[in-house]
Structure formats: structure tokens, C-alpha cells
Amino acid sequence: MKKLIPDIILIKFLRRMSMISGFFSLLFCALICITFLQLKRTDPLHTPVSTLLQEKLIQYPSSPNLIQEIRQIDLLARKAYFTSEWQIRTGSYLLLASLLILIICLKSIELITPRIPSIQVSEQGELWNMRKVQFRWVLIAGIALVSISLTLAFFTHRMLNGIPNEGNVPELFSRSRDSLQINPVAQSPAASIISDTSRNKLRSDSGKPGGDDEYPTQQEIRLNFPSFRGPDGNGIAFQKNTPVSWDGASGKNVLWKKEIPLPGYNSPILWNDRIFLSGSNENKREVYCLDAANGKILWSADLSKIKGSPSQNPKVTAETGFAASTLTTDGIRIYAIFANGDLSALDFNGGIIWTKNLGLPNNHYGHSSSLIMYHDLLIIQYDQSGSGKVMALAGRTGDKKWETSRNVKVSWSSPVLVNTGYRTELLLSAEPYVASYDPATGKELWKLDCISGEVGPSVAYANGKVFSVNEYSKLAAISLGSIPTLAWEDNEYLSDVPSPVAVKDLLFVVTSYGVVVCYDAITGKKHWFKELDKPVYSSPIIADGKIYILDKQGTMHIFQADKTLAMVAESSLGEGSVCTPAFGNGRIYLRGNRHLFCIKK
Amino acid sequence: MIFLLIIVFLPGVMAIQRFPKPEFESGYVVPVNQLPVQRGEILAWLDVAVLLIALSLVTYLVLKRRSRMGVFCISLFSIAYFGFYRQGCVCSIGAIQNVSMALFSGNYTVPLTVLAFFLTPLIFTLLFGRTFCAAVCPFGAFQDLIALKPLRMGAWLNAFLGIIPYLYLGLAILYAATATEFLICRYDPFVGIFRLNASFGMFLFVGLLMLTGVFIARPYCRFLCPYGVLLNWMSRFSWKHMNITPAECIQCRLCENACPYDAIEYPQVKKNPAGHRKQVNKMVVLILLLPIFIFGGVWTGGKIHRTLAGVNSRVRLAHILQPAHTTNNQPEIPEITAFRGSGITQQDLIREVTRIEHDFLIGSRIFGGFIGLVFGLTLIRLIITPYRTDYVPNKGTCFSCAKCMDYCPVVKD
Amino acid sequence: MKKTILIVLSLILLFALIGWMLFDLFMGRPELEKNPYDFGMKKLRETQIIPAYSEALPIKPALKKITSVATGPEGKIFVAGDGGVETFDFGGHLLNRISFPGIATCIAVMNNNILVIGMEDHVELWNSSGIQVSSWKAIDTSSVITSVAVNKQFIYVADAGEKIVYKYTLQGKMLARIGEKDPSRNIPGFIIPSPFFDVAISPAGDLWVANTGRYKLEKYGNDGSLLASWGEPSASIEGFAGCCNPSNFTFLPDGLFVTSEKGIERVKIYSQDGKFLALVAGPEAFDEGTHGLDLAATANGWILVIDPSRNQLRIFLPLEKK
Amino acid sequence: MEKQNRRQFLRLAIRGTLFGGLALITGDLLFRKGGSLFNNNIMSGPTVWQLDPSKCIQCGRCATNCVKTPSAVKCTHAFSMCGYCNLCSGYFKPGTKNLDTGAEKQVCPVNAIKRSYVEDPFFEYTIDESLCIGCGKCVKGCGAFGNGSLQLQVRHPLCDNCNECSIARNCPAGAFSRVPASDPYLLKGFGKDRV
């Protein structure tokens, strides 16, 4: 039988066809891609031009030609939108068609071309070595697989641990929790550590403010005593085997004592082998760095005349002084604030990194709120009569990262940073409310009207409960949750200087006239109370399961932090004190009216 | 057939007790919402019928008539019907997930039609080999169509890539069993083509896959398809499997390069140079190692279970809810809005997530063990000496596409 | 040779695809892609001005669904809801509870401490010790009573179903239908698209009604004539935002209006002639989508807001003038 | 050759086991409590995807995530709940003053809502589904201020009824679920609950 067209020609023709169709299919493919991207990017009504005009329209409503303009643009935009949709649809049809032609051509070429049976020696080679190679590669695949999955697991692990865990969580979490338990503090440290590390991670990859700056981990911080009332500012120290008995007069268990040149009611802070505190009078402001080993003053930085420092002195009372605010450190820099609003950052050798003045505080007793660090942010509570605010400065540069104004009266309390289970909250207390802020952004998380008067004590926190107290007001226990609410309140024993401290389900309130009360944190019923019959200004600290209360005459009253009243010891300093102790491992640093004492077991 | 799509208008039967609407004086009547419904169940059964017919037809063509042309025609039909008309969404491959979800997570019962789609090909394969892959599966048929310049790959590559489907299958079952998601459907490259509509990512995905498909024949079937794993098992022990030659093989070697899928086994009569005893020892060692492989898998599975769980939407939500995400400057993430609206407390969510992760721990351990086993067996298989006198299809990997038959000069007398 | 290259290339492609699948599966962050069709609610809910009030501890009634609040003489707070009425003092301490079946949709209090409680379709009178004084017969099957107001002689009942305000004697005798569409007396009639329809008596003794379909507050005389009206729709702080606002309103002792809105949840204070004065609480104080913020004001100027979404009675105290 | 026979037998045995396995799975799926055959929760028939408007938060993903363009999810107007407002917050941008159908005032990005006069002061709003892209902007507006009579629904003739709905996978509110094909729609406000 004779063919109409000889194969050669047919094949040539088919080749052409396939070429052409191939070209077209590529073309259509490209076009589809382009239009697709266009389509996905645009919402018809939100072309940049129209949005611009819209804004203009808000300024001049009912300007006819403006409206006309918008409508035209809008119409065009919609047209464009629908045409591009149409284009894609038709485009894909065409693409398919051309592909079909291509395939048909090639297939038929394949059919027409006479197939010569080929018997070339297969490249497969001997089965045995072939099998050997296969064997090897399967093994390789296995190893690769395991290693890949392990790396994957490793890299995503921390992030996955960041899940909030608090309250009665099933065992899967709680196990990991115990393993990380460092201390008897109420809120699971594991939770805070984990969520913090995870936040670091999330922060660094979402490039949040200060993400570039490094700062110590929670564990490091908790080995030290970097701010007023401990790492979190809530009166909890994480050190173990702390001394209980000493005697300043006889020098028993006193490792060293050192006179501090200038007076100041601020408390010492500790980082590794160094202690920092400040002193000031009307015209001199100094920060001191002492060697923890021997009490030698390693350096003292003179901050008397910094740029922008106000000429006139703030009016302060003798009970507050010019240096009531305790310093803080992030292990890289030390930050100090004085009663006239002078704020400075020093390096560990006493070099001044930056200074600024926050404006003379309008505060009739004198500014006394202490500083605290959140990651690389220096957080300052600046409640003055007329304008309350809280702000965060970048530790490295002193640039303001955020500032949130607070509708409060002037206060003397200090900020507290606690992890409430799935986030770290910045807790401030001042008339009329206790408020919580996101330390990263300054966004107010919640507030609750429950405190009044001239608030001096800072808040305490344990197990999802925040405790705030003030004289002539009340003791309020706030239970957090979706909406924080007042759990219970009491007004029998109130303090106007010492801050309360809470641990697990116990709350300890020390009144300024010297009564120690232990409450049940959940119900508010009193477990026990003890009259020291000496006034107390220093804030109590709980360390190693004991509560340390230093009265104004310098006697440290130490009780078990427990439901039942158990006196551990009473040790006197031989010098009056109103400052809060700082704890190092096996040591306590106490600032008396004139000296700094180091107590060692 | 397309016009068989029935549309029912539900009249406003639903009793509406609500805030009274404005009374109109102009005699305006409130229109009724028209709520048309899906195509009826009968059509689903019709699909099953079509599947059955197509399967038996292909089987007949391959085993009795040995006609490649017929198979080709059927493949065109199934591309047209299962592909472009049914939009590739009556799919045996996907049915794996419905079945495993129904098996493991209680509150889902698999529709009978889906079950039918899952079973029929398996049973057919158990009897006659992978005739489903040959031409009935639209995906296979489509790839067969575009395999224009199939190149042969080294046996080691086949072995190496041959592992992937097992992983895919394991993951798919894991996610379906935990009611997390349908992995196979999510990354199904071909529905996009059949629908002429896909997200841009999938569009590129399928484009590139087709490109590979030109040179590597049936890349999806061989190196991804999870259903292929099951079919492979079935086919290995099939009752009647197609053969290259209709009668006695004459060792003409014409079919050596006939198979674009490297599924032809060459004759093997020589003894292993390494010696029989050595081989037996190797075998024994491997068999002893098998438990270790499995435990290795279990261990690894336990390690990555959190990573795997991260895909689950609830777990993802728990991450999103971390305060680091909720800053006030950027617009709020919808997940958070929805969560707040849902009235579930964070604690409840955490408890739920913990449960899910626990399920995943168990699941991924089993998954790991399974993969370990697969490795072990694959290695053992590579030790065993085959003894073959003829050129025969590898019953596991052969798609029964009948391509090789045309190469065989032998005719049945 | 060419073959091997092709193979290698296509293999690389294959692996790239698988890699993409894995990446998309484990690293994909669908939640971060922004919504091109955002309605812009967040922007609308941002208020430019600071509230002139600060919030105190909310009262949490035991009632299931609280709907309405009223203040009585000697500074009692009455909260009505599903299955009863609870009475509180200013300290938020529960004084007593009246229980009855059905949902009390609104409440008003007479000087002699008699409670006027609007049920779904009728009105009941109770005395404060929990004894039912009387229960009037249902007005109409389609009635939806959303608010009651009472002065010395009359009880006014707002019926969102009938879109009318009824005037009753204290004994429950219906005297008049107020606010019916009447072009001759140029009364436009009430348009009530959704069941939010509030009435209140001003300290001056005038009857005010919220005509939510027209975004206005309207003042009616004893004879049912329309005396005055003010209000206009606007998303900005001065106006009433969108449909069915103001959803509720009440009066301060000095005769200022306190209004609440849904959609953009906010509580605001207007002067007697409808000039915007101050913001009590902005949207950020409420959950998005909170409907029906019923209002009441105490003699000392506190503003009580029913928050159905949190089922709390929110209390706002005026900040001292600076 | 008995070696061959042993092979044969082995194959037969394994074939039997495989078959048995399949049979087991099937049996379990069919006959277990609530299985495909004897179950009381009528799920054994084909299922379709359903959007629960009471969960929906109008995140706009129905428009962007559906495998079809435009999406198979459309805005549905439950007329019997509509207040027929003159100022419809689902139609007009917030703060619109003089109410005409000018493009600069419309919420809908694709002009899919038709506003027609009924009588003073009532207007009827109807959705042109051929235009609607299911973005839910109007739904947001209507729900926030009005009765919420505008609701998103999966329009089933358009829906491909994927084995796994890609919107469902990305729905932040988990508003999608498989339901029996027998009653595919769910509109908020029908039945007991008042708006």
C-alpha cells in the first residue's frame, strides 16, 4: 500500500509543528505567570492612585471633579482586574491546546520513525556490583534521612518549646519543667526561661527593636542580683546557702565593711565579682564599683555635671535623699538615675557611655523609683504629679524605644518584671491603679483600680496573682487571667515603704511600723503575724526558702518562708539601715547608713 | 455529562423566628435565598462504575490482547474523564487519607464511594498487577503522555529515590490519622492542570515536574506516589501479572531498553562471585540488624515529633499566640482575632496542643519504625540472589503499560 | 554524555521540588500574609482623643445573660438579665436577687423602688423585695420590648418589633402610641433595623427616643408631637457610626446625654443640644463586636455600662479636672 | 522442581495475607460502630464543605485561598434578616455622607452589590455572584454595624468539593467543616437565635 505523503516530509512537517507549538506553550506559560502575579497583587479598589484620591476626598468632600476622577480610575482598575482574570483563563486554555499539539506531533513522530531494534550492550554492567552500589546508596539515603530529620528537629525545637505552660499542665510539659526548676519561686522558672529564649529567637528573626544587641540569659541574671529587690524586682533572690547569723559589732561573719563616701538610700546591686551603688548630695552625684572579694572601691564615677543636668536641685526630704533609686545592670553596662532626673550609662570600668536628663521630676518627696532591665531595654517608671509615664531606652544608645503615658498620681514604687506564664509583664503600682505593660512594646496589657494614696511599695507576684499594698488604702490581690480581677483585699496591715513579697501560695507583708504578716495568697486569710516592734523601711527578700527582713536599726530578722511562724535567726549589723539587701552566692551585701557590709558564712 | 449537574432550589422552608423585618407598604415581597446543592450521590457511584469498567478493560487489553494502542486510548479517556471532567478529585491516591482518618480519628466515617475508590485498584492489582497505573489513574496516564524523551537511570538512583514514596506515604497517613491535614491533596501537582487553575506556587511546581517528566518517565508515580507503595506490595504477589513475551523468551535482548521505567529484570543465571556462604552470613547479619534499624527509626521519630506536629493548625495557633507576635504596631493576625472570639482559654488550648503533640509522639515513632523496617527489608532484598533465565518485568515496579510488548518479536503460535 | 547532563538536571529539579514541599510544609507562615480585602475595622476603632473617664473594678453579676441596668433611689444599682434581677450597692456588693423565668430585656425603677421590667413581649412590675406587683398582658405577638422608661405619672415602653413607643399609666393602662409616621405633624416615624431601640426620661422630664434608623435622638411632647431631634451618622467621634446607632443612651444628673454605639463600640457624652463633649470609653475598652451597651448614670456622675460580651457591669468614674 | 513450588506457595500465602488485610480494614470501616454502613450520624454519604458564618471573621482568605479564581465562596444575602437600611454599612464605606452608588463610596471591591430603591426609606441589596469574589468586606461591615444578613457561604455548584479544601486548611477560625451533602448550607440567624 502506498502512502500519500512520504514519511520524511511528514516528519519534517511534524518537527516544525512541534517546534512552533513548543514555542507558543512556553510563551503562554510566561504570560500566564505575569498576569497571575499582577492579579494576585491588586485589589481593584486599592490602586495607589485611588487611595491617594480617597484621602484627598476626605479633605474636600463633594468636589465633583475629584469624585469623577476616582470613579474613572476605579472603573479602569476593575476592568483591568477582570480582563487579567479573563486572560489567565484563556491563556491556560491556549497553553493546554499548544501542549496537546506538541505532544501529538512528537508522539506521531515516534510512531512514524521506523524503530530499529537496538542491541547495544546495556550500561547496567554486572548485577553484583550493581547491587553493591544500590546497597551503598540505600544506606546513604538512610543516614542522610536520619541526619536531616535530626537537624530539622534541632532547629525547630526551641521554637516549639516556647508554648506557654502554666497552671495545671499535663505531664508532658511538667516533666521538662521540673528538670529546669532552679528555685522554689512560684511561677515556673522553666516557663519564663523557655519563653524568653524563644522570644529572643522570634525577636531576632522578626528583627524587633534592639534585636541586634546581646543581653544575658535569664539564668545568668538569676545567678546575680542586678536590680532593686532581685533579678525580677519582686523580692525573690535565687541564691542558695545564704548566711543567717552575723554580728556587725564584733565583726562575726563580716567579710569586710567599707565606708561609702556619699550618702544614698539606694541598695547595692551585684554582677559577678562587682557591686555597684551610688551616692549623692546637693551638688555631687557619684556611682561606686566595689570589688566583691575585699570591698575595695575599684572606681567611682563622678556624674555631677552631665549634659542637660538642671541647675536647681529638686526638693527632696531627708527620708528620700538625692540617690534613692537603685541602679541596674545588664552585665554589660550599669545604669544610674538620680533625684534630679540625671540618667547615665557606664561601662564596667566606670567609663561614661551616654547620659541624659529626663527633666526635673515634679515629686514632693523626691524621685525614688528604681531602674530595671528587660533584655536590652532600660525601663524607667517616671510617675510625677501631673504627668505619669513609663519608658524604655535602648541600653546601648539611650535612644527612647517606647514611652507610655500613665494617668496616675505621683508614686515612689519601682517596676517589677515577672513572667506570668506565657508572657513577661511589667507591673507598676500608683494611684489609682496597678497596671501591666508589655515590656517589649510598652503596650498596656491591663489595669485595675485598686490602690490609692502616695504609693511607695512596689507589687509582689506569685502564681498568677499580683499583690499591691499602700498605707491608708488597702492590700489588694489581683488574679490575672483573660480579664484581671480583684481576688481579695484586706486593710488590717498596710505598709507605706517596704514592698510585699510572695512565693507559691504565701504572701508576706511587712509594715513600716514593724509587723510581719503571712497571708494565704489564694484566700487572703492570715497564717501568722509577728511584731518586730522596730520600724522597717527596707524591703523583705526571700532567698533559699527564708525571708530576710532588715529593720531600721540594722537587725536582720530571718524567718522560714512558711505557713507556720518559724524564726531562723536575728543578726544585727551594728548600724542603722533602710536599704534592701543584695544576695551573692553564700554572701549578703548590706548597705548601712554609712558602710557597705559583706556578710559571709 | 457535564449538564447532568443537578441544581435544586430549596424553597424558604426553614422556619425563621427573628426580629421582624420592616413592613413594606409598596407590597414588596422579600426574595428567598436560593441555595443550589452539589451534584447528587448517584454521580459519585457512576464514577465508581466508570472506574470498574476502565480497570477491567485495561486489564483485559494488557493481559489478553497485549495491545499497547488500546491501553493508550483508555489512558486518553481517563485523562479526559477522571482528569478534566472530574477534576482529578475522585482519586484513589487521596483516598488513602480518608481511609486512615476514618480508621484512627473517630468522628469521621469514610463515604462508601471513596472506600470503593481506595479498594478496587488494590484488589485488581493483587490479581492482575498494576493495570490501574497503566492507564486508569489520570496522573499516571498524563505523565505517560508527556514522557517524550525518557532516559534510563542507574539502578542505584532508582533504589535511592525509591525510598521517597515510603516517606510520603508515612507522612500522609500520620497527618491524616491525626486529622491534621491531607498532605497528598495539598501537594497534588496535577489537579491544577485538570482544573486549569492553581495557586502560583503549585503552577510552577507542576510546570517543573512536567519538565522533569519529559526526561524521567513518570517521576511522580515512581518517586513520590504514596499509593504506588501499596500497589507495589500488591503487585509483587499478584496472581496473574503481564509478561513481556507471550510465550517462551528467546533471549533476543530486543526489550532490554524498552522500558522507560527501568522495570525490566535481566536474566541472572551466574552464581554470585562472592560465594554463597559469604552471602548467607551477610543476610544473617542484616536480619539481626533489622530490630536495630527499626529502633533507630523509632528513636528518630520520637526526636522529630514536635517538628511534625508544628504543621497542625492548633499547634501553629499556640505558637502564634506567643506575645512576641502580638505587638500593637502591625495589623493583628486573624488567627489571634479568631481565637479571642472563640472564647477558649489559652490553658485549654495548651492542654489540647499537649494532647495533639502526644499523639504525634506516638504516631511519628510508629512512622519512624516503619521507615526503619523499609530500609532493613530493602537491604535484605538487595542481598538475595535472584535466579532468572528470561527477561521479565519487575512485578513491583512494572506499571503494566504494555510498552515493552511491542518490542518482543515472539508470537504466540 | 548529553543524557547524563539531562538526567542530572532533571534530578536536581526533582529534589528542588521536594525541597520546596518540605519548606512549605514546615516553614510556611500563612498567617503572616496580609489581607488585601481588609475592611479597616482596626483603623476605625482607633480613637484620637483620650477618655475623660477611668474604669473601676467591674461588677460581675451571677445572672447568665445581663441585658440592662438602672439606678434607683438611695444609690442602688439594678441589673436585669436572663432569669432575674440583681441589686447591688456602689461597692458592688450584692444586696438581693429576684428570680423569674424568661429574659428581662430592660428595666427601669420608680422612686418608690418598684421595678418596671420589660420581658420579651410584655411588662412586669416587681417590688424590690421580690414580690411581683403586676404583670401586664402581652402587647402583640411581634413585639420586641427593648426599653422602658418611667416618670412620676407614666411608663413609656419602646417596642422595636412594632417600631413604636407606648405610653402607659403606672397601672398599665395604655394611653397613646408615640412616634407613628405622620407627615401632617411631620413625624418621620421610627426606623428600627435591628432590636436596639432605647427610650429615656431626661432630668427635665422630657421623653427622648433613639431613632436608630435615622441615627437621631428625638424628643417628644406629652401630646406625642416631635419637639426636637439631633444626631447625624459619621464614623468620626462627633457622630453616630453606621447602622442602628446610638444603640442605647441615658442622662447624667445635669442633663447631659450619654450614648453608646455598636460597630465602633464607644460611650460618649453630648450636651443638651447634641454637641459632642467627651469620650467615656473608646472601642479599645470593649471586645470587638459587642452589641447592646445599656447605660445608666448614678447621682454622683458614675457611668454604668452593661457589657454583654464579658457579662459584666462596667463602671466608669470621671477623672478629676486638671 | 520443588523449589519453584515452595516459591509458589509462599506467594500464595502472602497474597492471602494481603487480601485478608484489606478485608480487615474494609470490615472495620464498614461494620464498626458508626461505620460507613451501620452508622447513625448519616456521614457515610458524600460530604461537602460548609462555612459556619457564626465562626467566620472575614479574614479575606476565602478570596485568596480557594483553588478556583474567583473563589467558590460567595457572599449570600439572607434577605429575611436584612434591615433594608438606607445607609447600609455593608455597602457604603464608613462615614459616607450623601448616599448614592458612587464608586468612591462602595465597600465592595468588585462592585458586586446592587442597591435598588424599594420605598422610603428602604433599599434592597442583592449580590451579583458572577462578580463576587468572596472577600467578605461587606460581611464585615454588615456584621459590625447591622444585622449580619450578609454572610459568606460555599456555593456548591461552583465548588470542586476538594478532598481537602484549601480554604479550610488556612481558615483562622476553623469555620469550615465537612457536612453531609444533604444539607450543605448554614445561615446565621435562621432558627432560634436573635440577631
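Here the chain labels run A, B, C and D in written order, and each chain numbers its own residues starting at 1.
Definition applied: a contact is a pair of C-beta atoms (placed from the backbone, for glycine too) under 8 Å apart; a residue touches a chain by one contact, two chains touch by 3 or more.
Nothing here was measured: the structure is a model prediction, and the numbers come from that model.
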B-D or B-C: which has the larger count of contacting C-beta pairs?
B-D
Among the chains, which is located farthest from subunit D on the basis of C-alpha centroids?
A
CA centroids of subunit B and subunit D: separation to the nearest Å works out as 26
Distance between chain centroids, defined by C-alpha means - subunit B, subunit C (Å)
55
For subunit A and subunit D, what's the span in angstrom between their mean Cα positions?
40
Subunit C and subunit D, separation of their C-alpha mean positions in angstrom:
32
So which stretches of subunit D touch two or more other chains?
59, 61, 64, 69, 83-84, 109, 135, 147, 172, 194-195
By residue number and range, which residues of subunit B touch two or more other chains?
19, 22, 157, 197, 307, 310, 333-335, 337, 341
Which positions in subunit A touch two or more other chains at once?
40, 43, 46, 152, 156
Take each protein chain as a node, join two nodes whenever their chains touch, and name the resulting shape: line, ring, star, complete or other.
complete
Residue positions on subunit D within touch of subunit B in the complex are 11, 14-15, 18-19, 22, 25-26, 28-30, 34-37, 39, 41, 43-48, 55, 57, 59, 61, 65, 67-69, 76-84, 118-119, 122, 124, 126, 147, 153, 155-157, 159-164, 166, 169, 172-174, 178, 181, 184-185, 187, 189-192, 194-195
Would you mind writing out the residues of subunit C in touch with subunit D in their complex?
30-31, 33, 35-41, 44, 191, 193-195, 213-215, 233-236, 241-245, 262-264, 289
Residue ranges of subunit A in contact with subunit B within the complex
29, 32-33, 36-37, 40, 89, 92-93, 96, 103, 106-107, 110, 117-120, 122-124, 127-128, 130-131, 133-142, 145-146, 149-150, 152-153, 156-157, 159-167, 169-170, 172-173, 195, 198-199, 202-203, 206, 208, 422-424, 438, 440-441, 443, 481-482
With touch defined as at the start, can you tell me which subunit B residues reach subunit A in the complex?
145-146, 148, 152, 154-157, 159-160, 163, 167, 193, 196-197, 200, 203-204, 207, 252-254, 256-257, 266, 268, 270, 272-274, 293, 296, 300, 303-304, 306-307, 309-310, 315, 318-319, 321-325, 327-329, 345-347, 350-351, 353-355, 357-358, 371, 375, 378-379, 382-383, 386, 407, 409
Complex interface listing, subunit B residues touching subunit C:
19-20, 22, 149, 151, 153, 157, 161, 164, 183, 187, 201, 205, 208-209, 211-212, 214-216, 219, 223-224, 307, 310-311, 316, 320, 331-335, 337, 340-341
